[in-house]
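In the two complexes below, chain A is the common chain; its partner is chain B in one and chain C in the other.
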Partner chain A sequence: MERRTFVLSAGAIVGGGGLALGTGAFDSVEAERDVSITVADDADGYLSIRPHDGPNGAYATMDDGELAVELTDDNGAVAGDGVNANALTGVANLFTIQNQGTNEVELAVSPLTFLDVSGSIFPPSIDGVLGVLLVPQSGSWSVDPDRGVLSITDLAPGEETDFSLAAVAFPESAIDEVEIDDELLITAEA
Partner chain B sequence: MGALASGAAAMVGTGAFTSVTAARDIDVAVADDASAYLRLKGTDSHYVTDDGDGGTLALDLSGDNATPSGGSGVNPNAVTEFGSLFEIANQGTQPVTVEVTKSGQHPDAVAFEDGNGDALADGIELAVGESADISLVVDTTDNAIDVDEQLVDSVVFHAVDN
Partner chain C sequence: MDTAPTLADYEELADVEIDLSDTDLDRETIDAELERLFDA
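Presenting the complex of A and B:
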């Protein structure tokens, strides 16, 4: 008998609660709901930024899920420590950007050229020059003069474009004298 | 709760983003010839004036780099061989063919060869991590070559993926 009494009083409390909700008169409601947002690494993001799957993808690293172009001795995947001086170096198919979303997007990459010069212009005394150029390998790309960015329009869902790199360093004294340590800004807009 | 959870899952599934902006690092260094992607490393030879360790490879077989005993060049009307002057190694990520082109008065008089006697002018294939030991053969038997002429003044190495 004592158990039955307990059940009845519980029902009365529930009924009272329902009445309060019906009037809409409440002071506060706190309700927890699930919203699931996952941070993917660059390769699996909606905009996939990943090393190329060919051998030159080794010049790009993935650190904490972020791609970095790494042509220095910090890149343990490649035996060499950097580009040769007095030389032109081309690295084809270095990294890939793919639209893994559902909308067609315009991809913008900036800057396209990186330059480090050591020395003085007047009087001319150049200790070192290093120029690095990024070149998209596929897709119809153009340079947007208003924004100063490389623009690849109409990158459809699933579509990708590979990027290559060219570097020129001179003279011999450029060794360990000039270095590109910069950032590449990648924007995709629907 | 069940309805909301499935709604969130559907949003992730569509992946319909309007804008993504990401800044990524790009680092490029200039290395000396000994540690660059195309390694050119001179051996401990008198004729190697820069071994590529801290600089770029340089060879000098002229009066500017006379031997301690007075030699200041190759003999006329003779074939002179120099073994193991430098090493070429592929420190990149792809197999490459390395070729050399020479410029100067008599580029044909100068030949670079690997350990198998294959001419570098014809291209030598190097797998990733592979190296070739380069020797030099100077042939001055051509009558057009005169004493005190400079045979070559520079060479260009090309490494291109196969």
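Presenting the complex of A and C:
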């Protein structure tokens, strides 16, 4: 009597297990999982945008966590107040963009040409010209005239590229006559 | 491209032509500086 009771009980256990595996059914699950996301400044973001580590990185500043190219008297890290008139100024190793994410990205920067011209059309005269050109350093780049951007392809995780700057200002009357106050758009797309 | 951009590339991007007639600077000098910066 006792043995029969045991056999029936074992069968009931197996049958119950088969029912559960066959449907996977349950009424509800409640679980809590962690989600941690922080916001970093330009230097520490997944796309790191920061002044170059070299001495010319002083011409770029971090303003409220954002990179700014600052070749004016507002830049307390540099004694001068601006680029020379009647001259070509080159600033190598100005700022760095590094892919700190997990995917290879195509980096695009726009515009690369900044221009301010002061003068009159009639009679034709020029009081000042200031042209600023951002220069990618090494790597593979291409110009997309339709979008007005320069693309740097294949910036793998961990890779970085540096940017320099060239400025031309003329004539002498360009002093305090022309200036650049614009924005640089940097995009990265996987 | 693995070569330095030239002033002409920048002018094409911005759809402008920079007139250097009022300065002692010339295109060759600017292109040479762009190449130096590119290789810095």
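Going forward, the second predicted complex is superposed on the first by the 154 of 190 C-alpha atoms of A that agree within 3 Å, B and C clash if a C-alpha of one lies under 4 Å from a C-alpha of the other, contacts with A are read in each partner's own complex, and residues count from 1 in each chain.
Rule of thumb we're sticking to: a contact is a pair of C-beta atoms (placed from the backbone, for glycine too) under 8 Å apart; a residue touches a chain by one contact, two chains touch by 3 or more.
If you're wondering where the values come from, they're calculated on a predicted model, not measured in any experiment.
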First (chain B), second (chain C), both or neither touched by A:L150:
second
State whether A:D27 touches chain B only (first), chain C only (second), both chains, or neither.
neither
Can A:L115 be said to touch chain B (first), chain C (second), both, or neither?
second
Which one hits more chain A residues, chain B or chain C?
B
A:Q137 in the overlay: touching chain B, chain C, both, or neither? Say first, second, both or neither.
second
Mind working out whether A:D64 is in touch with chain B, chain C, both or neither, as first, second, both or neither?
neither
Chain B and chain C footprints on chain A, overlapping residues
86, 92, 165
Give every residue of chain A touching chain C within the complex, in rising order.
86, 88, 90-93, 111-113, 115, 126, 129, 131, 133, 135-143, 145, 148-150, 162, 164-166, 168, 170-171
For the complex, give me every residue of chain A touching chain B.
33-38, 42, 45-47, 49, 55-56, 58-59, 66-74, 77-87, 89, 92, 100-103, 114, 128, 130, 132, 165, 167, 169, 172, 174-190
Which bits of chain C are touching chain A when the two form their complex?
1-2, 4-5, 7, 9-16, 18-20, 22-25, 29-30, 33-34, 36-40
Contact set on chain B toward chain A in their complex
1, 4-5, 8-9, 12, 14-33, 35-40, 54-56, 91-94, 128-129, 161
